[in-house]
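Just below is one structure, and these are the notes that go with it.
Naming follows writing order (A, B, C and D), and every chain is counted from residue 1.
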Amino acid sequence: MIPTSWYLFVAAALFCLGLYGVLARKNAIAILMGVELMLNAVNINLIVFWRYWGAKEVAGPAFVIIVLAAAAAEVAVGLALIISAYRRRHTIAADEIDALKG
Amino acid sequence: MLNEWLYIGLFILVAAALPGVAIFLAGILAPKKPNLLKDETYECGIETVGESWIQFRAQYYIYALVFLIFDVEAVFLYPWAVAFNALTLYAVLEGVLFILILVGGLIYAWRKGALEWI
Amino acid sequence: MNFLQVVFILTSAVTLGAAVMVVTSHRMIRAALWLVLALFGVAILFALLQAGFFAVVQVVVYIGAIAILVIFAVMLTRHAMQDEGAQVNRGWWAAVLVALGTFAGLAFLLLNWAGIGSSLGELSADEARKLIPQMGQALVSADAYVLPFEVASVLLLAALIGAIYIAREKNPQV
Amino acid sequence: MTVEWFRDPVNFITNWLNQFLLGWGLPAGVVAFLMNLIGAGLVATGAMLFCILLIWYERKLYGRIQDRLGPNRVGPWGIFQPFADMLKIFAKEYITPRGADVIPYNLAPILAVAAVLLIWAVIPFYNGAAGANLNTGALYIIAVGGLGELAIILAGIASNNKYALLGGFRAIALLLSYEVPMVLALLVPVLLARSMGMNDIVQAQGDVWYIVMAPIAAFIFFLTSVAEVGRAPFDIIEAESEIVAGFNIEYSGLKFGMFYVGEFLHAFTVSVLFAILFLGGWRGPFVDQVPVLGAVWLLVKTGVTYFLIILLRGSMPRYRTDQTMSLAWKILTPLALAVLVLTAILDKALVGSSDLVRGLALVGMNLVVWFIASRLSQASYRRSHPVEPPIGHAPVINPLVDEIGGVLE
């Protein structure tokens, strides 16, 4: 018997840590890691509320799988962009990649 | 249900402890006589030039990338396969369509030469 | 305080600690390895929630694929940041404020939520086993999630093509 | 009572121990914890100890394949050779290279063994004797395989050695490539059994084994398993003559021994998995009367599969990296996708017909797919290897000779 609120607070803390990573870090890969943490926090919440409503509605879990696909796509394209930017400008600091034209 | 996961959790601990304890014990039994030459990075007797973290080609990344996409695809398909009895032919074809869309990705990667080892 | 609660507290402490290291670690490769630990902690949380399928999927996709991709990317771009000097922007204190503010807001919402006193009991084996077939059915049935399902496959296809197009070396030199 | 003991010893002993501990007045939760701990400990240690015997068996067999005697000095037929080796390796010094990242460096060999051992948590030894009958067994195996890859990455990154890093990355690229067809091939038995649980998959093979109904999936799973283990012919990832042993180059003493043990144990473990998924697991004559007999059948089937893996190692030349990669991406993956799609459609289309018709249709489909695939691969081989007759010589017909670049005079 674990209180629902414990899970939700852990998820909230994870989300805020990820948010800090996204906002504060310079390295673009670190920013992506922060996004991963935030997505994980969201997934925990979805599963917790699936349990909270008695594990009958399958909407939460189905959404988790869709989030998974989105996370995979985001990481794949994001890291590819970072590698490409690195190859062209030899930096992956997010605030230095500011020109729209390669 | 939770009992099975308790077993898995304990199994993780045991499976990590077995080699861990063995390595620890051997570390006590074994001689320890380090010297400068012995702790050198092993490169067939030649001295290491430059730092060890060399640059890599993006090819490794592309393999991992295609793998990630197909892994996620498989995660979608496993529940579909488990629920197979309850599915209509239409629902099965939805799953097949899902696979065929991603086959397009495989063909693209193949055509672009992304799967070639250079 | 029962056994499950102790496991929960240990797991979440490790997860959050690892997450802190992910966002503060100076060496990117260390941050990536801490990320693996944080993701594993989340997998254990899923197992505690009796969503065993997602615990396993978390390991398959996040640790087995995404973390490896991140490590590859870190190694490929290693020379860029040299892991020295400031790893955070000048406005990092603003980021701290925003994160703390968000947490305070979420905590405020949670504390005022009607279900705050509830706790999650144990599902029966049958109930827990129903999840996967139910989900498999819902993902491909027309009155549920077939559209997101197919859109997800198109999304993955687009990501695959886009990422290969971007990451491929234009003039491969050996 | 004695009959009961004979038929199902594991459950008998479990029940007895359970009652015994409860009789001591321990709370039920503590008893469950202890029981699980004992079970996990026994299975894991048993697998590790069995591995020692396995090393002897494999070396003996491998010796015979190469027209040698194999170990024959220590004890009868050299059976104590692995123990002698073990004692030796226990007394070897650990050499940690300068600049190594100590925690990941030491974690890697532990993880390499643990990742293999963890598979044993879901293996049904006979009906009713599985550690955990998870309803996600098949995916669990894939997940644990991912942990093994993590061990290789850790070893490569932490060793502070160019060869280790390069070898580690090559190994990961290869393992990831082979995991794609493996995941897809594993979907076929899951689809036929309508369950991911390992015991459910064995239960579903009552009438006919899946190696008959899904031979191509079995073939792909077998090949990819061998590749995941890193065995010949796919051992380019740790080929001594190519990249000085790859990711484990900086390991010595028992830390290296752990990678070695992990490889042997992995080879045996994938044999068990193959026997469960495609050879009917514990199914065999008289298992309904005497369930424990299932463990014997499982061992026999595993032995046959393991024998095949050793034969493959002993008789095949090593593939080049580009050949290995082409095999995974251009042959096995499309084949697995085709078989998966056709199996799904056929299975649903023939839903009303008898099991016999369904089975025959699946077998026929597999044969047709195999025929088409072999034709296609032959055609593409001929396209990429045009036979150019050397001047003054007869054209080379033997493709094998063409491959090694030699010319029959």
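Just so we're on the same page, contacts are C-beta pairs under 8 Å (C-beta built on N, C-alpha and C of every residue); 3 or more make two chains touch, one makes a residue touch a chain.
The shown structure was predicted, so the numbers you read here are calculated from the model rather than taken from an experiment.
S.K.: Farthest chain from chain D, comparing Cα centres?
M.R.: Relative to chain D, the chain whose C-alpha centre sits farthest away is A.
S.K.: Centre of all protein Cα atoms: which chain's centre is nearest to it?
M.R.: B
S.K.: Using mean C-alpha positions as chain centres, tell me how far chain B is from chain C in Å, no decimals.
M.R.: The computed centroid separation for chain B versus chain C comes out at 17 Å.
S.K.: Please tell me the distance, in whole Å, between the geometric centres of chain A and chain C computed from their C-alpha atoms.
M.R.: About 6 Å separates the centre of chain A from that of chain C.
S.K.: Can you give the whole-Å distance between the Cα centres of chain C and chain D?
M.R.: 29
S.K.: So which bits of chain B are touching at least two other chains?
M.R.: 4-5, 8, 53, 56, 58, 60-61, 64-69, 71-72, 75-76, 78-79, 81-84, 87, 92, 95
S.K.: Please output the residue numbers of chain D that touch at least 2 other chains, ranges allowed.
M.R.: Expected reply: 33, 134, 139, 142, 165, 169, 172, 176, 179, 196.
S.K.: Two-or-more-chain contact residues of chain C, please, as numbers and ranges.
M.R.: 2, 4, 48, 50, 52-53, 57, 60-61, 64-66, 68-69, 72-73, 75-76, 79, 122-123, 128-129, 132, 134-135, 139, 152, 156, 159-160, 163-164, 167, 169, in rising order.
S.K.: Taking all chains into account, which pairs touch?
M.R.: Here the touching chain pairs work out to A-B, A-C, B-C, B-D, C-D.
S.K.: So in the complex, which bits of chain A are touching chain B?
M.R.: It is residues 65, 68-69, 72, 75-76, 79-80, 83, 87 of chain A that touch chain B.
S.K.: For chain C, which residues are in contact with chain A within the complex?
M.R.: It is residues 2, 4-5, 8, 12, 15-16, 19-20, 22-23, 28, 31-32, 35, 38-39, 42, 45-46, 48-51, 53-54, 57, 61-62, 65-66, 69-70, 72-74, 76-77, 79-81, 86-89, 91-92, 94-96, 98-100, 102-103, 106-107, 110, 115-123, 127-128, 131, 134-135, 138-139, 144-145, 148, 152, 155-156, 158-160, 162-164, 166-167, 169 of chain C that touch chain A.
S.K.: Across the complex, what residues on chain D touch chain C?
M.R.: My answer: residues 29, 33, 104, 134-136, 139-140, 142-147, 149-150, 153-154, 157, 165, 169, 172, 176, 179, 196.
S.K.: Across the complex, what residues on chain A touch chain C?
M.R.: Those residues of chain A that touch chain C are 1-10, 12-21, 23-27, 29-30, 32-34, 36-37, 40, 43-44, 47-48, 50-52, 55, 58, 61-62, 64-66, 68-77, 79-84, 86-87, 90-93, 95.
S.K.: For a test of understanding, state which residues of chain C touch chain D in their complex under the given definition.
M.R.: 2-3, 29, 33, 36, 52-53, 56-57, 59-60, 63-65, 67-68, 71-72, 75, 128-129, 132
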